[in-house]
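Alright, structures below, take your time with them.
Next come two complexes built around chain A: one with chain B, the other with chain C.
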Partner chain A sequence: MPPATDLGWWGVVIAVLGGAARVSTPYLFVSLGETLTEKSGRVNLGLEGTLVMGAMSAYAVAYLSGSPWLGVLVAGAAGAAFGLLHGGVSTLPRVNDIAVGIALFLLGTGLAFYLGKPFIEPVAPRLPHVALGAWSASPQIRAALEVNALFVVGAVLAPLLLWGLGHTRWGLVVRTAGDNADAAKALGYSVGAVRTLSTMAGGFLAGVGGSFLSLYYPGTWNEGLSSGQGLMAIALVIFARWNPIHCFWVSLLFGGATALGPALQSVGIASNYYLYGAAPYVLTLILLIASSSPRHALAGAPSELTISK
Partner chain B sequence: MLARSGAETAAISAAALLGALVLFGAFVALRGLSPLEVYAALFLGAFGTWFSIEQTLTQAAPLMLTGLCTALPARAGLLVIGGEGALVVGGVATVLVGATLAGWPPPLAVALMCMTGALAGGLWIGAAGALRHWRGVNETICTLLLNYIAIAVMNHLVTGPIRDFAQVLKPASWSIGERLMIGELPGTSVHWGLAFGVVACLLTWGLMRHTTFGFAVDILGGNVRAAQMAGLPIGAMVLATCFVGGAAAGLAGTIEIVAVHGFASSSLVVGYGYAGILVAFLARQNPLAVVFVAILLGGISASGGLLQRRFGLPDAATLVLRGLLFVAVLAGNTLYGRFKIFRPPAA
Partner chain C sequence: MTEAPPAVEVLGMTKRFGDLLALDGVSLALAPGSFHAVLGENGAGKSTLVKCIMGYHRPDAGRVLVGGREWAIGNPRQAHRLGFGMVYQHFTLVPSMTVAENLVLGAEDLPAVIRWDEERAKIDAFQRRMPFAIDPARPVATLAAGEKQKLEILKQLFLGRRILILDEPTSVLTPDEADQILKAMRELTEEHRLTVVLITHKFREALGFAREVTVLRAGRRVGGGLVKDLTRDDLARMMIGSASIPDPAARQATASRAIGLEVESLNVLNDKGTVAVRDASLRVHAGEIVGVAGVSGNGQRELVEVLARQREPASGAIRVGGAVYARTRAEMRRHRVFVLTDEPLRNACVRTMSVAENLAFRNFDDRRNTIGGWLVSRRALRAQARALIERYRIRTPGPQARLETLSGGNVQRTVLARELSEDVAVLIAQNPCAGLDFAATAEIRARIMGARNAGAAVLLISEDLDELLELADRIVVMFEGRLVHETSRETADAHTIGHYMASQP
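Coming up: the complex of A and B.
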């Protein structure tokens, strides 16, 4: 075993992995939420707004109450409320769910900036982390393996969601609503209600993802906190083929890609800073182009989905 | 029949506006403010004085052009929300060309810069249209990603390759020079961009309303299968509407440079593109209606300062009002065809 102070390339790898776990959490929560929503046959493009709203409300509540976990809960509730709004409006006849998503993207960010103005200055308590590296004597390993508690929750949630969608009654109802609305109706379920509930649950998760941004990493609230993570997570669901486990791996990939930029900067490669900043968007676009097809519906796509038609 | 459907559109849009104002009123009432006083200030700040009308029209100019960026592709059935990025790309391209035109006669140089901005914006959104048609890439997500990419590229350029180090306040590009700036409309403080916006809306309205091309695009937007059956060149039409829409937003970027800033910086990214989406939806994708809706929304933006000064409302208050208006407009779509008085009389 190499000495603790000299991990060599392993140190870089561990730093990127730790960074990936850190940065990927919002991607993970938003993509899991969107997967659930899209499985029911709706697209909620407004999760970017939900993410910002979640970040703001979590920060405000954590600051006012002193409890970061209460902040997480309220962020989820705010996300669910936005999901209810999206689901309710989209259930009306002749209303396009994608357009509603754009409207809620704008409303969510506007509302968060409006309500969050007084909370830019104060400092809120942060979420705790789990020291997965406690066994090691190496400070680098210990620092890299300080994993946020929410990441652990998300990592457990991904297989749980896969199992729930595949093996429970509720999962079957959601999938039926997403694959064949008429069949769901024939079974006696209200398609609108199932989709609205799925959108609410998806919004809850996206709100929790937002709380991570303000309460752990970067751990502050300001108006430039999220720069399209919510949007990239939605594109990521298409690449992950609506599979929660794939969402987990792809989120890690994105987290790693985003963590590589700051890592390069820390070893002195600081030029073209903004160009590296564009990398995640370009990567998303390339993946989106690669996973699209002009001829047939995408494998694994819920057939009622407007986005894949 | 046309008058009836027009009346229906006007009535439902007015109802949506009213609904959004009521919600916004309830919202400010939660802060302990009187909704009526806020409405009054909103009106005063938007249309109450000659000064505020000038402010409103100045705000409306880019909104007309970015509104077209969503409205035109929507006529062909595409939901493009890349106006913000196309505006930025158009603005940056304008600076790149404009900075080399220092010795040119101003009218020629301005015309060249306008063409450059429009071309850049057109290619930017046209690329999204091409990806949509030939690769099946979702145009909504694609154009939204392109917004972030455009902003990142601009930030890269103005902090490095084309940075003007004489500008100390914030990173900014080279300037095109005072000589090439276009001024105000005679007798006002409203810049010439307003004329560009109105003319662009009128031209595209004519294109959509009075040409075979416009008719064919509406068939495509109404029913893709019908367009296929009729043998319409769908790919060309998708590309054309995306290009023209993107060109409009790119021109908005040019105007921000040649009429307002003179250089590219983060001042280009103030949400004109996102507000343009709302303009298009509120105008129900009709280029002529875009002119009036842009003035209405320009008024909301222009009154933000007054709301801030008089009531201490954060400047994001106008964003909230816009968001509520957007949701109300979409919810209002469900009302079409529900009212008997708007139906054509039975034959």
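Coming up: the complex of A and C.
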């Protein structure tokens, strides 16, 4: 079957690239946030709930105020509040951070659905994009290379986070709390406080990731908005070996896999559409199996994590 | 770094744990630039004393005077501000970070954004004034034990601590490494740049490097003075009081030449996936002790882990009594194989379980410890524990005490009691006397020799060459995962073995 457009198979490649940048944005923010949280020695499994909560609050605030960026900020604040709740509760003695995360996952989605009911109908202003395809005369290329502003922010944030972990006092303290809690205590830092602040910062980023879903792509608020991106982003942190730059590339890879189905459809290959839709999940499984080993410990894993102990 | 340390006086330090009086009115005077050794049996209260000084424990009575003034030290941070620094037997470094990151981490005035070029210049200048140096760019995880211990000390000095407390700092080091570090410490004290308190079990270190010594027994100061006025025998007598030291067990001729444990072409990978044990083959006969010498980190840990089934080999065969040995619990029991691993608190115990439970790991499901074959009898476990505590002289508040509350040496005794109390056919022991006082060391060595005389095949992996020369019938040397040299007891020579341990000739 010949491709139906004038760009031929190049159309598929460009559509996958453009789709990758679009779809990867929430993965990128959630995984950067979770990387920061896990570097401090905690796992926040509740980020899916934070993501949905961020999407809802961003949409509501953008609709009510008319400013999408104010929506992004409020989404971040809502995420930080969830992070504070997670961090605070997990600091209590005999509380497991994984269990708290699951509880907050359910709480976040439930609360967002409840509070978000009135905002399913109205239309909120959307976030702007950067036209990377302006040089081209082809409308397909221009459409595919419209990169959203939040993706650009995320792409800058990844190296910034890596730098911060190595070049700031806070970076060193966070890594110490995540790798050797006794050492952090001996230095006089409160391990609970360091972890709670890291979880708040991680929640902020996940909330911002959620605002992307409602304010850019798909760009509306409804209850089926997130299909587990918040959970997959946590798995993604493991493949990325807790490295922010790797988070960026792995997010792109996931985004590309998700964009594969629609891209093929755009050139007329509609059969097996649902099969391609499963690509990111299959990719998750393949990467999980390929990167696991019964013999080796996970390289790069913060040793205080409950999952690596 | 030029400022001299202040004078320190510790007066009447007392600490109770429940019914146990761990520390009973101990006093200690540290003039600026002194080098003070603290000796004592396992459980004598040495660690408790320094933890009270450092603010980890709140003493029930006692005062600390620094520079002539009394200070209430409520937590380690306050102790740090007064100039106290502590180096532990276990490492407190952050393994995923570099040497430089570990050094700057504790600085009180660490800026929010770290200018690494400036910090590196500071570190370089500091290291030039130190007796030893470590490449600041290396990740700590790649350092050998000796280098890590040096870094711990460097870190304290870099952070400006003037009174260093070292709690058994040399137990993970080779004698040469230990001497090098202690000599450097001694020089720093002679220049009055540092005051050192050294907790140790080794008379050689106390007599060779310290100027003063304090001996504790059962929580009390029972003696001490200037090192130059004291002999090894004086110290030993103060430490154990009226108790007697078991005689070294005599080596009896054993007739059997049956093979107890056999390892053939064994290859083992370490955690990073590189080869740690390379094509190792060895046989241990019944009634024989085969010693494995080597500097730590040459594959000994992985070898023992495979034999203990904590790790799967990449290839090779393990046989016990001629039969293939899959290391299951049933086979361990059938072949009577026992293992004393390194670092027992991490590898062979559950620290939050009781002493009685830890003592029963081998046999809690035996008929004699169960009711009807499946219900574990607490009473039987307690009775067994009481007997073992008595026989192995484990110093514990009781069978129900959580294992982590025991002193380091007593944890070791607990594991020994579990692994040596039954009839042993094959014994695999790694550094069995690390952290034990001299009386306990003599006792454990006698028990290992006793097991051999009774016909056990013993594989003894040790970093202490003297221990191997005393106990082993045969010694093999492990270097970079290979068994590179073998010698019988008669022809064994410390110099040659040391040469093979350091490099392949």
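To be clear about the criterion, the second predicted complex is superposed on the first by the 289 of 309 C-alpha atoms of A that agree within 3 Å, B and C clash if a C-alpha of one lies under 4 Å from a C-alpha of the other, contacts with A are read in each partner's own complex, and residues count from 1 in each chain.
Operating definition for what follows: a residue touches a chain if its C-beta (ideal position, glycine included) is under 8 Å from a C-beta of that chain, and two chains touch if they have at least 3 such contacts.
Worth saying up front: this structure is predicted, and the values here are computed from it rather than measured.
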Chain B and chain C placed together on chain A: clash or fit? fit
Exercise for review: Report for A:277: first if it touches chain B alone, second if chain C alone, otherwise both or neither.
Suggested key: first
Tell me which partner A:87 touches in the superposition: chain B (first), chain C (second), both or neither.
neither
I'd like to know which partner A:176 touches here: chain B for first, chain C for second, both or neither. second
Partner chain in contact with A:54 - chain B first, chain C second, else both or neither: neither
Rounded to the nearest 10, the angle in degrees at the CA centre of chain A toward chain B and chain C equals 80
Of chain B and chain C, the partner touching more residues of chain A is B
Inset, instruction - Applying the touch criterion given at the start, work out whether A:187 contacts chain B, chain C, both or neither, answering first, second, both or neither. - result: second
Determine, under the contact definition given at the top, whether A:168 touches first (chain B), second (chain C), both, or neither. second
Min C-alpha distance chain B to chain C after superposition on A, in Å, is 5
Both chain B and chain C touch chain A at residues 293-295
Listed in rising order, chain A residues that touch chain C in their complex are 166-170, 172-173, 175-176, 179-180, 182-183, 186-188, 293-297, 299-300, 302-303
In the complex, the residues of chain C that touch chain A are 75-77, 80, 92-97, 101, 104-106, 110-114, 116, 269, 271-273, 311-312
Chain A contacts chain B in the complex at 45, 85, 89, 92-96, 98-100, 102-104, 106-111, 113-114, 117, 227-228, 231-232, 234-235, 238, 271-275, 277-278, 281-282, 284-285, 288-289, 292-295, 307-308
Touching chain A in the complex, chain B uses residues 79, 81, 131, 133-138, 140-142, 144-146, 148-149, 152-153, 155-156, 159-160, 274, 277-278, 281, 313-314, 316-317, 319-320, 322-324, 326-327, 329-331, 333-334, 336
